[in-house]
Structures are given as C-alpha cells and as structure tokens.
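In what follows, chain A forms one complex with chain B and a second complex with chain C.
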Partner chain A sequence: MIPSRVLNRATPYLFLAPAGIVLTMALLYPIGYLTVASFFDWRMGTPFADAAFAGFGNYAWILQDPNFKESFVVTMTFAGAVVVLEMVIGVGLALMLERPIRGMSVFRTIFILPMMIAPIVVGLIWRYMYNPQFGILNKTLKDWGFQSIPWLSSPQWALPSVIIADIWQWTPFIFILSLAALQSLPKSAIEASRIDGASGWQQIFYIKLPLMMPVLVVAALLRMIDAFKVLEVIFIMTNGGPGLSTEILSLQIYKTAFVSWELGRAAALSNLLLAIVMVITIAMFIYTKVRDARLARANAAAEDY
Partner chain B sequence: MSRYSKTNTTVFYTILIVLCMLSLGPIILMLLTSLKLKIDIFNDVSTFFFVPTLKNYRSVINDPSLMRYLGNSLYVGLISTITTLVMGCMAAYAIVRFRFMGRDVVSLTTLLMRMVPPAVLTVPVFGIWTFQYNLGNSLNGLILAYVAINLPFVVWILQSFIQQVPIQLEEAARVDGANPFQVFFLVVIPVIKPGLAAAAIFTFRIAWNEFILALVLTNRATRTTPVNISLFLTEHNIDWGRLMAMGMLIAIPPIIFTFVASKQIITGMTAGAVKG
Partner chain C sequence: MPQIVLQNIKKSFGAVTVVENLNLTMAANEFTVLVGPSGCGKSTILRMIAGLEALTAGEILIDGKPVAHLEPKDRDIAMVFQDYALYPHMNVARNMSFALRLANYPKKEIESRVKKVADMLGIESLLARKPAQLSGGQRQRVAMGRALVRDASTFLFDEPLSNLDAKLRTQMRAELALMRRRLEKNMIYVTHDQVEAMTLGDRIVVLRNGAIQQQGSAEQLYKTPVNKFVAGFLGSPPMNFFDGTLGETDGRLAVSGQDYHLPLPDAMRARVGGLKDDKVIVGIRPSAFTIANGDPAAGIRLDLPVVLPEYIGSQSVIVSRLGGQQIQIEVSSDTPLGDNATLTFTLDPRSVYLFNPHTEATL
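And then the complex of A and B:
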C-alpha cells in the first residue's frame, strides 16, 4: 500500500503525465523536428538519418523560386480579400439586423452549419455548383440571359471563385460575433447619443463601431489565422490551378512534400508559413492582454470613486 | 409602444430568411443531388423537380470498402475523443486544483495550437510516424495525431468548468477518506459533465472532418471517408450522385451536433482569444 502522503504529493504529476507525454511526443517534438528537417536535403524514400545537411540551402532555394513568390502573392491576396470582405459583410449585416430576434438560436444554428461540415464537403459542394455544364450558378446565369462564367477553369476567375466559397462559409462567424458584441453594448451610451441628436449613421461610426472594436479586432485576426490554414476546400475545388492561380502556401507545402517528394524544402516552406501565422497570433495575444489590463485598470479606477 | 414597426419587422425577418437560404442552399443542393439519378443530374432543365431515389445511398452502403472507410472514420473519431477527454480533464484538474502553471500558459498554448496550419504538420508527422514511431498507415497513428491536436483546447475548455466546482465538495469527500483519484472520478467528473459534452462534440467533429493528416498517414486499408471522397474527384468521370451521398453521410454528424450545441461551438471557435 502506498502511503497517502506520497500519493497526495504525486497526484498533480500523475494527472498531468499522460497529456504531457502525448503533447511532447506528438506536438512539440514534430514542430522541433520540422525546424531541424528544414536544414537538410531530405527527399522522400531516404530515411531522415541519411539526408545531407544543407544549411540554409532550402530557404535560399525557396526565396529565389518564382513559384513560391506566386504562391505567396496568392496566399496574401486570398487572406486579405477574405478578411476584408467577410468583415464588411458580416459587421454590416449585424448592424442592419441588430434588434431582439425571436428564434435567434435557430438562426444561429443555421448560420454556423457551413463552418461545421467537413471542409472536404464544402469543397465538393462548391465544385459541383461551379460546374460549367450542370452547375447551378451557370445554369441560373444562362436562365437569366447572362453569359456563363468559367468559374474554376480560368486563371482570372479561379481565385475569386475560391474566395466566394470562403465568404459563404465564414461570414456567419463574423456576423454572429459582431451581433453578440452589439447586443452587449452599454445601452446608456447609445441612448445618450440619441438624446444628443446623433443620426443612425453617426451612432454607428462614433459609438457602436468604436465600442465593438475589441471584438472586431480579435474576430479579424482569427479569420486571418484561419485564412492561412485553408487547404481542403481549395484542394478539392481547383487543386491550386489553373496554373498556380489558387495555389496557397498550405497547398504548396503539401505538393512539395508529397508530389515532388522534397521533404526538406517542404519543411522550410512550412517554417515560413508558421512564422507568418505566429506573428499574427502573438499580435493577437498581446492585444487581448493589453485590453484586459486596460479594462482592469478602468474597473479599479471606477471602484476608487 | 414598440420601437419596431410592423413593416420593419416583415422586412427584417425576410432578410433573415434570405440569409438562411443562402447559408443552407448549397447544403440542400447536396442533399437533393444525392437523391438524384445520373440522368437527372445531367439534365439541365430543373433542379427541384425529379423523382427522388435512394439508389446512391444504397450503392454506398453496399460497397464494403466505402463502409470500411466510414467505419475507420468513426473508430478514429470515437477513440481519439475518449482519449483526449480522459487526458484533458486530468490535466485540467491538476492545473486548476494544484495551481500548476498559470491559466495564461494554457490559453497561450491553445491559441498557438489553433494557429498551426495543418499543412505544416504533414512533413514532421509523416516522417516521425513512419520512420520513428512505426505508426505509418495505422489508425492508431492517426488517433495519436488527433489527440495531440485537440488536447490544448480540451484542457482550456475544461479548466473553466473545473474552476466552478465548489472546493467544499472535494474537501468533504477528502474528510470522508477519499484519495485524490476517488475525489476526481467520483466527485469532480460528475459535476463537469456539461463541459465534457461540449469538449467531446468539438473533438469528435475535428477528428471526423480532418483530411490532410489522414491523407498522408493512411493507406488503402486505413483511409478515412474524407480522404476517400478526395480520391474520387480525381477521376475523369465523376459520379456526382454517389459522391454527394458520401458527402451527406460525412456531413450528418456535425449537423446534428450543431443543432445540439450551437452556443458552445461558437465559444469553442474563439478559444483563447475571446472570453467564453
């Protein structure tokens, strides 16, 4: 029998051990491994132990690679367009529809469905809808007497098409978050501005949006992070094509590793993507910390009165 | 007097319903297509008038390999969810009750994990699982990956539930002579059931939907359904009806979860960034 004092002392460690071991083995170690692998000339088919050290060779190669440049531009365009459009539409809708909604939980459920189903399925649905022959979009355009659009098959249209699918999937996220933020704004501030004679637009721009800003900033940053994670939907819809017109970095990593079999280069590419997303995440963490600290100070000041 | 006039209310709900249709439309289209014969899909006259058939579903269910992939998805989803929950609530309990690390550390880890693009994990996970852990092409390998991906989030969400468990409850059990493990399993776990349910839904959905790691970690025998769907799309002559039936089968569990727990899901999606 183990003495209970020992058991008590050991408990926290025993409770933390399983999670700690799994996280170390399957998360920390792989990310460390990624950094090491990015400095080796490692190809599919050779064990990592036999790979030759390449220094910054992989990084140098990537930075001069025109495909990387194109993919980088595509990724930035995609992320930028998606965040801006979803914020404008989502916040706009929230401002328009701000009032007590009967049956909000049903509406909320319906709005988040597109984000809940597998990205693979989202890609499947949109590829079907964009189909040039029997896709519902071109069919409708034709019925209304417009020219059909080569959605996924032309380099000009492919990226906008992919962006539209993402807007369909993720605008509700912004909408729901900003609606919740709007409904929790202090009524007194809005009431006061109304009594002072502020018009509807003035209320929005001088009272509501500034008060919502903390939530909006976080929502935009989260969307930005997620935009860099997108892979499946595009993989299914276009597989990066035509040409490289929709080849975002995530997809280029996958292709470099598992189509071209250049694991070392793919690791370096992964590190670059990770660095980009890391900067955004740290910005967000600092932002929330600063905001919380400011809030705490304001509360403390209020209590002193 | 109400602030909102009657015409306004009509316009308001009309807009809401239009938005709902935009949101649901593509999903309904998938459902309709899955009920169509090939001839109806290629017929370019109507989308809504056709004789529904279960032929596509029947052909999916009668195909042993497709059922096997569906079974793989279910197995990986269930086992990884259970494992994550057990490990996650133990760790969360240790962090809260024994003041291990701070809440900030957990929040930051959750946030950092949320940020990692899955594509970034493909190379190291493929290399390590295949050459070092000997878990390549196995369902257990996939489970290990999903447990690791989901753990930070599960710890984060369970933490707040455990904090709400009154410490007196645990002290009373202690006084009655329970050891820490008994306190945990007999007192704490029953109280945090709602938190466990929310975490389970979240974890299962991620494992069930996941694609890219499954693509690099599985083979012909251990594939999950999302991977299988992607392979059908490379064929030249796509059987859309059948593919949409598979899509529906994959989409149904998340749809059910959404109806059960939409509020918790929204909280989960902003984990670590917005206070839940």
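And then the complex of A and C:
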C-alpha cells in the first residue's frame, strides 16, 4: 500500500502527466530530432541511419551562403515593417474608434474578419487583386488615370505588396487588443487629465499610451514572433520571388527541404529561426520579469515606510 | 473669486432626464455642498460644471462669463475625484505637477509649488512613490494636492471621502474644514453624507430626483426644513414620522393618533388652515424628547414603551413606538434606563413638525 502522504504529494504530478506527455511528444521530440538532424548531411531519399555526421558543417555553410543573408534581411525587413505599421495603424484606429459610435459592434465584427480567414485564402485573394491584367488594384489605378504598378512582378514592389497583405490581415489583431486596453483604462484618470489641461493629443501621449504600454508590448512581440514564421501567404502570392526579393526564412527552409531535398541544412536553418524567435520571446519574458521585480521592490520599500 | 451661476440647466442621457430646469447661484468664495441620495443628479451637476458632461440645455456662468461651451481646461477649475483618479504611471510629484508641466511653467516654480503643497498636506516623503504604493488616505491627500497645486479659482469635489474608512473620513473631513479656512476659493462639494454636508458647507443644497429641495445654511435646513424629504435627510438619527389627525381640545389645536395626543402651539393654527382635510404627517426629531424630571410645566408628557435600548457611547438611542410606528429617541447614555418597560418623556410642542400628507411640504 502506498502511504496517503506520498499519494497526496504525487496527485498534482499525476494530473499534470498527460499534458506533460503530449508536450514531450509533440514539441520536445521534434525539436530534439531537428537539432540532431542539423548535425548530419542528410538528403531526402536516404535513410537517416545512412547520413554522414557533418558537425557544424550545415551551420557554417548557411552562414556563408549569400542566399541566407538576403533571406535574413528580407525577413527582418518584413517583420520590422509589418509590426511597426500594424502597431501604428491598429493603435491609431483604436484611439479613433474608442468613443461610442452607433453600430460599432457590427463594424468591429467586420473589421476583425480578415484575421479569421485562412492564410492560404488571404494569399489567393491578394494574388488576384494584385493581378496585372484583371486585378482590381491596377484596374482602379488605370481608371483614375494612373500608371499600373507591377505589384508582384517587380523586385522593388513585391516585398511592399506582401507587407500590405499582411497588414490587411493582422492589423485587426492589434486593433482589438488596443481597443480592449483602451476601454479598461481608468476613466477618471483621463477625465482628470482633461481638467488638468491636456489636449486630445496630450491625453493620448501622456496618459493613454503609457497606460496601454504593457498590452502594446505583448501585442507587438506576439506579432513579431508570428511575422518571423509567416509562410502561406507569401508562398501563394510570390513563392519568394521575383529573385529572392520576398524569400523569407520559413520559405527558404521549405525550399531547402522540399525543393533541394537538403534535410540536414533545412534542419539547421530551422534551428536558427527558432533561435531568433527564442531570443525575442526571452526578451519579452525578461521585460515582464524586470518590470515585476521593479514593482515588487518599490512595494517593499513602501511597506518599510 | 468668481460667482458661479447655473441657469436652467438640463441634462438628459437618451430618454432619461436626470436634471431639469435647475437654477443655482453660488456666491463668490463659498463652500457649497450638493447633497442627496444616490441618483439625485448631484454628481452630474458637478460634472457639468467641470465640463466633463455636456449640458442638454441651459447655461453656466462663472464670473458672469458663459462657460458651457468651454473645455474643462478653459474653466479655471480643479477637481478631486471619488476614486482619486491619480495617474498610475506617474509618481506623486509628477502627478501633482502634471497640469503645471502641461502649461509650461518654469521648472523652478513647479518644484517650489509642489513642495509647498506637499508640505501643507504632509506628503513630502511620498513624492517619489507611485500611486500603487500609497494607502487610501495617502492617495486622497495626493489627489487633493494635485488640485491645490493648480491654484485654480474653483475646486470641485466629487464624494472625495467616500472611499475612506470611517476613522480616516472623520480626520480628512476636519482637515478639509481647516484647509477651507485658509483658502479663498470657490468650493463645490458633492456628497451623499449629510454629516459631511452639514459640517463643511456654507451653503447646503439638498437635491432629490434632479431638483433642488432646499438650500441654505446647515442650521436653516435643520431647523426649518421645507418638506418631509429635507427633514428626514438631515439629522442623525433621522426624524421620526407618523400619521396624525388634527383636532381641537379645550379650544387648543392638537394632533392625535391611535396612542397619542399632542397639543400644538397656537402659531400652527394659521399654517394648517389651507389643508383639505384634517390628516397630517407628524415629524419629531429623536433629540426632541427629554426624560421627564417631574416638572409639570416642561411640556407634553408622554409615556413610551422601551422596545430596545441601543448604547452608542455618549448617546443612547431608544427604539420605541408612537403613532403605530417604530420611533427613535436620543437620550444621554447616563440616563438610568433600568428594566423599565416604559419611560416618561417630555416634549416641547414647538419641536413638533407637521407635513402635508399629499405634497409632503412643511406646514
């Protein structure tokens, strides 16, 4: 018989066990496999057992590969641009639409629809809209007497075009989070600032934005992580082209694995991407920890008083 | 300091009208208290004066100038909110200096003003703290300090003490009363607490359902309430009310009910003349009763049952029955109650109030 004391202690772990097992199988095992594979010169078609050990060869090769450098720059540009623009537009819209407007709930639902559409579908929608012959965008430009724009076919325009599509899909995410943050702000503090003489802009910059900041930081980091992993929309719209102008890292991973059949290199590339995302996540974690610690320290100081 | 005049102001939220045709003149440098039960419109009126709520109709004059169309910042007012409304991300010093910084005051002057007010309120040691690190009473002081630093001509208080515990509330009330003496400012103070209203206000405005019932000094309102509502609202414990019927006894006017008979002063005769019938509501304050000391000339003698004696320190409240109603009687707690089932009280006939049962107006 197991003593009840031991059983009592074990209970939480027993209940956690199923989740732990699923997590291990679905997350840790693939990551471990990925890491191991990244050290082998493994090609599609050969069994893993036959692959030659390559040490850091795959990583070294990637870091000197000019395609990787270009793809890295494209990924950074894409992620930086979409996060900044989506934050500015999303927060801006939330600030504008904060006041109660008739039919606001309907409008809000319509506004968040893009977020609910499958990325493949978003890619197709925008590919058709960008189409040089029958796409609505160029047709409208022509009707208004402007030159048509080679949206997806010119290396200069392709990246901005996919950025626009991503902004269209993901700005609503920032918008609803900002709106929720705005509506939970203490009303009387904003009223107090009006009495203290703050103009509309001063209220935004001195009161509303600083108070929304914790939510905004988390929203931006979530978008940043997602932006590094985006694949389907760009895959459908440009497949990375023209040239490498829109080949973000996840697309390069896909191509390395399933076009060049270099599974070892693809694994190493995946690990690098994972590392980048990890750094961002840890940065977010540290940010919240530091903030909490500062608050706790200040509170402790207050207790002593 | 300017005079503030509310002219025919009206406020509706959709189909609900909260305040209608309200007129009020607050003399310069006066401490006005708007008091009434929740939902009487007192906070709405204050927020309209502040400019946080737009008027549906009417005009507000400050120093003769119409201000209803002005933004809050252009009305030269400072306000203390019920929940203090401190800026959570700024420390105490920055909270207090926010308005001055917006107005681009020189740094030196901002510092000296903040320091002066902080000294006055005893919060110098808290200047570097964030609001989350302050107790309720400290936040209250900071909110007060933020308003004082502004040096505005009018101060608005929206139930500033209602979030404090009873002891702190009494203390802050006293401090407010002292502060009020030092400052030559208009102050408008909203509360549902009649004790705060009576202790602080030069002018007390009693509101009910968005309409002014009566205004005047604490003494005026307490001694000569215009209706049953004002009589019942001011004073603690509240005035006792019960039904009565007017009649004549030996040529003297009297009011009586199922278990009592009270002769009334002759002066009352003229006032009850306009009544449709002989039904009235009788009102007697709990403090109007005194224990009979054997002097037959002292007033009306009443033998009343002791239902429940409540000892509350220097005073005792005796719950008794009169006119078919439970009533409260306030006596000194030194009064030997013993195990008596009944006590004999005397009552001055002049302390009996009569109200018209239809209009509730004082007779």
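Here is the rule we use: the second predicted complex is superposed on the first by the 256 of 305 C-alpha atoms of A that agree within 3 Å, B and C clash if a C-alpha of one lies under 4 Å from a C-alpha of the other, contacts with A are read in each partner's own complex, and residues count from 1 in each chain.
In this text, a residue touches a chain if its C-beta (ideal position, glycine included) is under 8 Å from a C-beta of that chain, and two chains touch if they have at least 3 such contacts.
Because the structure is a prediction, the values reported are computed rather than measured.
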Pick one for A:Val259: touches chain B only (first), chain C only (second), both, or neither. neither
Applying the document's definition of touch, where does A:Ala60 land relative to chain B and chain C: first, second, both, or neither? neither
Kindly classify A:Val73 by the partners it touches after superposition: chain B alone (first), chain C alone (second), both, or neither? neither
On the A-aligned overlay, A:Ala283 touches which partner chain: chain B = first, chain C = second, or both, or neither? neither
Give the label of whichever partner, chain B or chain C, reaches more residues of chain A. B
Of the two partner chains, chain B (first) and chain C (second), which one does A:Ile195 touch, if any: first, second, both, or neither? second
Quick one: classify A:Pro114 as touching chain B (first), chain C (second), both or neither. first
If we overlay the two complexes on their shared chain A, which of chain B and chain C does A:Ile136 touch? Say first, second, both or neither. first
What part of chain C is in contact with chain A in the complex they form? 50-52, 71-73, 77-79, 81-89, 98-99, 102-103, 125, 129-130, 132-134, 146, 150
Partner chain B, residues of chain A touching it in the complex: 4, 7-8, 11-13, 15-16, 18-20, 22-23, 25-27, 29-31, 33-34, 37, 47-48, 93, 96-97, 99, 101, 105, 107-121, 124-129, 133-134, 136, 139, 168, 172-173, 176-177, 215, 218-219, 221-222, 225, 228-229, 231-232, 235-236, 249-251, 253-254, 257-258, 263, 266-267, 270, 273-274, 277-278, 280-281, 284-285, 288
Residues of chain A defined as touching chain C within the complex: 186, 188-189, 191-199, 202, 206-207, 210-211, 213, 295, 298-299, 301-302, 305
Name, in rising order, each residue of chain B that touches chain A in their complex. 3-4, 12, 15-16, 19-20, 22-24, 26-27, 29-30, 33, 41-44, 47, 86-88, 90-91, 93-95, 97-98, 100, 108, 111-128, 131, 133, 144-145, 147-149, 151-152, 155, 179-181, 184, 205, 208-209, 211-212, 216, 226, 229-230, 233, 240, 243-244, 247, 250-251, 254-255, 257-259, 262-263, 265-266, 269-270, 273-274
